[in-house]
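Some structures to go through are shown next.
After this come two complexes, each holding chain A, first together with chain B and then together with chain C.
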Partner chain A sequence: MAKQTEAIRAQGPLSSTRRGQPLLQVRDLRVSVNSRMGSYDVIHGIGFDVVAGEILGIVGESGCGKSITMNAVMGLLPSNVRVTSGKVAFRGIDLVQAGEPLMEQLRGGDLAMVFQDPMTALDPLYPIGDQILEAIERHSGARGNEAREVAIEALRSVGLSEPEKRLSQYPFELSGGMRQRVIIAIALCCRPSLLICDEPTTALDVTIQATVLDLIRELHEQLGNSVVFISHNMGVIASLCDRVTVMYGGQIVERGTVDEIFYQTAHPYTKGLLACMPTLETPREEPLVPIRGTVPDPRSQVVGCPFSSRCSKRMKICMREMPPEFVLEGQHSCACWLCMSEGLSSELLRVPPISAQISKEEQR
Partner chain B sequence: MTTDAFGVPLLSVRGLTKVFPVRAGHHKKMVPVVEGVSFDIMGGESLGLVGESGCGKTTVGRTIVGLYERDGGEVLLHGKKTSKSGDKALSKSVQMVFQDPYTSLDPRQTIADILAEPLRLQKVAPKSQWRRLAGEAVERVGLEADCLDRYPFSLSGGQRQRIAIARALISNPSLVICDEAVSALDVSVQAQVLNMLAELQAQTGVAYLFISHDLAVVRHLCTRIVVMYLGHIVEAASTDELFSQPLHPYVEALLSAVPEPDPRRARSKHRIVLEGELPALTSLPRGCIFCTRCPYATERCRQERPELQEHRPGHLCACLRADELQLVGA
Partner chain C sequence: MIKYIAKRVGFGVLTIFVVATLTFFLMNMVPGGPFTSDKLSEQAQALIMAKYGLDQPVPVQYVNYLGRLIHGDLGTSIVNVGYSVNDIIADKFPVSFSVGIIAIILSCLIGIPLGILAAYRRGSAMDRVITSLSSLFSSLPGFVLAVILLYVFGMVLHALPTSGLTSWQGYVLPVLALSAGPSAILSRITRASLLDVLSQDFTRFLKAKGMRTKVILFKHALRNAAIPIVTTLGPLAAGILVGNLVVETVFSIPGLGSYLVKCISQRDYPVIMGTTIFYTAFIIVILLLVDIVYCVIDPRIKLDEE
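Moving on, here comes the complex of A and B:
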């Protein structure tokens, strides 16, 4: 394991993963929750890639499993939630098998995360300087004044005024937007090759949200890193992401480039999501088109397609069998029986197996 | 928009001011959270009250119904003054729906009890009628009558918010104040509740004061919109005019910041990024309250506080440069 961490250090951020190569590969990920009522699956064997240099959006409503998936990648699942099967390969390392010491090396270093609530993500008892220096000293090896310089530079890069002064300020002295900038600075100070943002702007006002989104986009262009952006807001996804993955009931129901998802929407759930959101363009006199029913309880074991109970185009087969992902044109694919005639089943076009490195890891 | 026989607004808010104490060192400082806010709500209309967190929109709603005691100004119901801490006439005609359906319903009461409470307090109907009226109320909000004997924990967030709306409407109020009533709901459920609110209005003629930070939602439901910033009204206009021809630079920036669920439009959208952070309420600038972040601010803006004035018929704006600036709508 020491060898692995050495190897990561030696590679340096992004030197080995070229743009367009898969940086993170998730295969057949299953996550289950243990509760007093027994255990139940919340993620039902999903797989996706994050390509180096892209912004991947994960969309879905509460309870669809988008946060759990990325927390599983980060190794941040609560004690009653565990990965039951599957692989998560990040730069040749299987994160599921990695173990805590290696995860600690990666987390905050090469693999960073920004959380939803800027009010609770920072420790209220320490000045923000301590919190950003902790990340720098742990991961970059810089100490003392050198680390301080890095911290100041990181705070400046996220657009905070007077970064020297900020180091000694406590979180309560900053507004929500400024705190979220500090959290982004902490996440980015070690130049991670993958940044996971879990609803980073949901708790912020629209004008502040706009500046934080601009910031994430700018830093992404500067650093060339990959970003996974989790959101329930289709508007935010449209303005930021290159590719989009739509989740429902612990499954991926549709994926494709941002244009494919928005202009050639295939899955009834994605269509519903786009139609039910009031925008500045929707005609005001007409009622909205809601999706009937509610998001199913993850504890209920669904047979067939998880969306079938709410779908207006439901067929008999939908309640019996979960559709495979049908590959449509381009990068577009959709897990809906309605797409069967249009696309080829992914069973036939099997997604490429995980990179050879992983299997080597296993042999070791 | 319908007015009663004499054209008197259903509810008039005149110069509403609410001050909260803030500890500054050893001293208590009184900070105005809402200052000199005036607007009218006509019977049967939907008025949107929009602004970002901390602008005082929730305080306005709570002060109107008397949950907070006001420190200045008047609230007139059908032209009659109401008392500071809310009175019978007010609570009979004005009801509230709160943001969080998980905390606004008593977990130890059944749905029937929750819905009977306004009937008991307002003495709307005799006890023998409560259950029947509660049953009708839940059916009006699209739930089955068999949920009456259940407890809130067994309902989903959307269903709970429906109960909260049923509770607000059961005593036949003429105005319901919805304070971020759909913000805590998933988007697919949010659309159901918005449609339901519009339907109920068409059926009962109830007026809404719809408080929200979400411009797209307010645009959909409301005919008129009031925009607040740091405790002051900066602009008030009909929905169509506010969105197509905003007069205040803050409103222009707000409209440009709304994320657009259309990748091509989102890419080409001209965004006005506001520099700087919100000033603290304890240290508001001397001139225009928006001058610290306004891209068009001049020296005069920093010295002189603009008044809310009518620049076009029915279109009010508090900006010194409202007539000269050519602002872009959504």
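Moving on, here comes the complex of A and C:
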């Protein structure tokens, strides 16, 4: 395992030299919701990169801001939710500042997204072919037979049998797994350099889940595109991703390579997520360990670490101040005061004023 | 499809039979008769009643009527001697229909676009204005609006004729009076239905595909929103096309609606019966058309399925 980590570090996402620059750079992204009660932040200034050619996993419970973050990147936020500050640079274009016409061109073209529920993601009244062709015709110059060929090829590439026949079928004539394949085909038909998958397997049968995951991995290897994979399932993340970002309460609490996250888990929240997953070795009688409590309501202004109310290793400082992200070994970093001593030895990602008082309290 | 239509026609005939029966007995329960008058002696009244078969017991009259109805004969008018009910309907219905069809087209042209606009600009001042106007006009009784229009345009401004359909100007006020309510109802249904569709997942996926707003709105959302719109439009259109009793009376339009009012007060039994049966048949046909339109809109709807 250590060797593997070693290997990743050697060529790593730092093999970006080979695979190119960071494709997507999110910096200090803040998203807030306007409601009748006033507006409140749901994403608190997060930043991350997606390197060309990698699969980045975003994990967290429901309500942690995973989907909101990626919808903000896509410019698909509901009308009462908006980006209040920050930058989302995609191939040098700031998507936050880009107008709707430019976003329309990017979406479905170079920047694609697949959603959770395949049963409702297609227009029920138009044949599959119509729905894939309109995307192809919108983003490529292809028309008529040429576009049809592209569509057939896209459907074939996602493993649908008799793609020519599928074109005239309606969504209700296909099963959930087949629909998700169609959706992936639509998302990938214009060869996007970034594909965002928002829990694409959550609504599917377990048996179908595996085949859809395999499909995403295969297509990723074929096309060499970047994938951002949102999930709350640590198992799925482990099998698919190169790097992982763990989100909690609208903040990034831990990030690193898959090995770092799974074998050198630093944040108590990540440990909690892993602990509630059964393994083959877990004795049948042994109950799973849940994370007690629920995700804090974003409307309540949390002071300090958002996880502190549920954390078994909570210290006084956790309720007072949000920890900065401490850089650990390799690409691993973690926003938890417990990582401070370890993290201080290396460079800090974000350096907030840590007063002498706090460090004293820590020592006590 | 043909099997389904045949089945529906069968049920339609049954419906007509039930409606005819109910109307017949209800009509005979109302006191008074076509010849009740101080000027006629009781003897003369009895003679005329016997001539039209009205002296017989009601059940016998009913059986006789059904016998004629099966042959498509709706009888002759008692009051307007010499006119068959079939002729009267053939004469009056086109008048009501010509006003009604303009009114229903106008309602669609006003109501549906306003509904789309309100849904698209949801929460804006525009939306609030459209929604308020829609509530106002859908709750305003037709006769109130008809009288207001009559007073303002006819009596005060002298801009438009107040009665009859002799020129195209004659159509303006009745069409306005007829289309206000349906426009309001259609705009509300369109808005609600469209908002429902726009909040569905597939709309977001269409956006994620980079589709333009106008494509999402007109190609996808509107077609998905069409079922409730057509469901509302069908009976609404039927009600207007056969002639609105109030509006026709207010504007003195020689249509079927105003004629029916007159016949009811004169107890012209065959005309009342005939017109009611005609209304029923007309509405059955419209509803069948609505069902066929459903199939055109939504491929998931199959009429022949059990």
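We adopt the following convention: the second predicted complex is superposed on the first by the 323 of 364 C-alpha atoms of A that agree within 3 Å, B and C clash if a C-alpha of one lies under 4 Å from a C-alpha of the other, contacts with A are read in each partner's own complex, and residues count from 1 in each chain.
What we mean here is this: a residue touches a chain if its C-beta (ideal position, glycine included) is under 8 Å from a C-beta of that chain, and two chains touch if they have at least 3 such contacts.
The shown structure was predicted, so the numbers you read here are calculated from the model rather than taken from an experiment.
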Partner chain(s) touched by A:239 [first = chain B, second = chain C, both, neither]: first
First, second, both or neither for A:126, with chain B first and chain C second: second
Contacts of A:209 with chain B and chain C, given as first, second, both or neither: first
Chain B versus chain C as contact partner of A:137, first or second or both or neither: neither
Chain B versus chain C as contact partner of A:41, first or second or both or neither: neither
Touching partner for A:276 - first (chain B), second (chain C), both, neither: first
First, second, both or neither for A:61, with chain B first and chain C second: first
More chain A residues in contact - chain B or chain C: B
Partner chain in contact with A:76 - chain B first, chain C second, else both or neither: second
Partner chain A, residues of chain B touching it in the complex: 52-53, 156, 158-159, 186-192, 194-195, 198-199, 213, 215-217, 219-220, 239-240, 243, 253-264, 266-267, 269, 271, 273-274, 277-278, 330
In the complex with chain A, residue positions of chain C that touch it: 122-123, 200-202, 204-212, 215, 220, 223-224, 297-300
List of chain A residues in touch with chain C within their complex: 74, 76, 79, 104-109, 112-113, 115, 117, 120-126, 134-135, 138-139, 170, 172, 183, 186-187
Complex contact set, residues of chain A against chain B: 61-62, 175-178, 205-211, 213-214, 232-239, 258-259, 262-263, 272-274, 276-282, 284, 287-292, 294-295, 310
